[in-house]
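Inspection log for the structure reproduced underneath, given as structure tokens.
Chain IDs A, B and C follow the sequence of writing; residue 1 opens each chain.
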Amino acid sequence: MLGETVEPVVDRTVLRELRFEIEEFNAEYAAVLDAGRLEEWPSFFTEDALYVITAKENADAGLPVGLVYSEGMGMLKDRAFAIAKTAMFAPRYLRHYVTNARVLGVDSDGVIAAEANYMVLQTLVDEPTTIHQAGCYRDRFVRRPDSRGLLLKERRCVYDSLLIDNSLAFPV
Amino acid sequence: MLGETVEPVVDRTVLRELRFEIEEFNAEYAAVLDAGRLEEWPSFFTEDALYVITAKENADAGLPVGLVYSEGMGMLKDRAFAIAKTAMFAPRYLRHYVTNARVLGVDSDGVIAAEANYMVLQTLVDEPTTIHQAGCYRDRFVRRPDSRGLLLKERRCVYDSLLIDNSLAFPV
Amino acid sequence: MLGETVEPVVDRTVLRELRFEIEEFNAEYAAVLDAGRLEEWPSFFTEDALYVITAKENADAGLPVGLVYSEGMGMLKDRAFAIAKTAMFAPRYLRHYVTNARVLGVDSDGVIAAEANYMVLQTLVDEPTTIHQAGCYRDRFVRRPDSRGLLLKERRCVYDSLLIDNSLAFPV
């Protein structure tokens, strides 16, 4: 059940430790987005990171197109800045639930392939809470230069939801 | 807060290790179903496994009836095959979120009693994502003959949802 | 990303062990509520505990007001008793999903600050399952006098959902 392109690491203890580290990473990541601290969001990525939000349909078909495509720290920061401004005009609460974290393997360069299911709930003023987006993070993590913690080299948010609402461009 | 029929294991370290193992099992199990790889689904069970989907109302009343009742590998494989065929005609995405894993105890035969809450979200073409099923796994795990990993000897999917839609027969 | 008022503990191993302990606490807590065993609910708190359910809007504004405000074991027991009686007249299933547990720090008195996202799904007879409440636990834990496990000294359930239905006074 390992991904096709990654070398499996056989040591279960190592994989479990990585899972714990990734769970903690994802909890911090979600907390920053839930709190609307968009300016901190790029700090979870490497300088050359790829961040994509795309439909499962497209991802399964191998299509590179997506709703959001950001490559490199500059584009991530631009996105965070643009959305922080937009958010002022459309107040909403978003809440992320990240479950089912799985480490798929570690390649010879130390890049960790991992997945997790995510659900984003949205609450607009005076409206009931709804399911905003459901999907799967397909991630590639690397260790920080100072060895303290992880960074995302790649996060593909592959969503099942086929109806796109106007706030989908928020990072997930 | 232990189940009535299981001998408690007092060693918290052992219980915690089992929880981690079960979390990893459930994440793999969910990933297989989320990917629609139904032919792999029976491989999570023992040859004599019991797999049941039943309403909480019935489970609480001790009724054996359920929406789905499969006993033994033959019935599990039949079910997987039948649904794989059905699924072609009713395209949908299902996504499983498994949380709150708890190990209740280990009996003298080494059978592990455990529970976890599950939620299955469903996305049909051009429709918003909805809550398909919410409930609790009531499980009995045994260790594989080769000691590598666990197998389900029994999984009772006890759902709260009282409205049954036509796709409920999908494994959860 | 630590809270403002707590001293950070730098040892990651200690924080991770606390996370595991809190995850197990929250899973037991949720199981008691999911099973409707309201009389056991106060046993998760200290004698002087504070239990609050409040809107994110109010919490962010630093307002002490909330939908529910219980201080001390007497009020917790009164609440549990009152709701257990009410519940007989309004049958419903509630199911708690607790994810994204984070330990923020431990202060010099050993009080552990932690957060987790929660979602409560509700199923009424003959109705589809709906999102009843989505929010964040803002907790302060202490160790039990006998050192076995944790107790809540403070649990603030800060919800995003702005529409309040008649059952919101159920503990979450």
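Everything that follows uses one rule, which is that a residue touches a chain if its C-beta (ideal position, glycine included) is under 8 Å from a C-beta of that chain, and two chains touch if they have at least 3 such contacts.
Owing to the predicted nature of the structure, the values given are computational and were not obtained by experimental measurement.
Taken over every residue number at the interface, the positions common to subunit A and subunit B amount to under half, indicating a different-residue contact.
Copies subunit A and subunit C of the same sequence differ in orientation by 120 degrees, per CA superposition (steps of 5). Averaging Cα coordinates per chain places subunit A and subunit B 27 Å apart.
Residue positions 97, 99, 130-131 of subunit C each touch two or more of the other chains. On subunit A, the positions that touch subunit C within their shared complex are 20, 24, 26-28, 30-32, 34, 40, 93, 95-99, 121, 123, 125-131. Across the complex, subunit B meets subunit C through its residues 1, 16, 19, 56, 97, 99-102, 115, 117, 119, 130-131, 133-136, 160-163.
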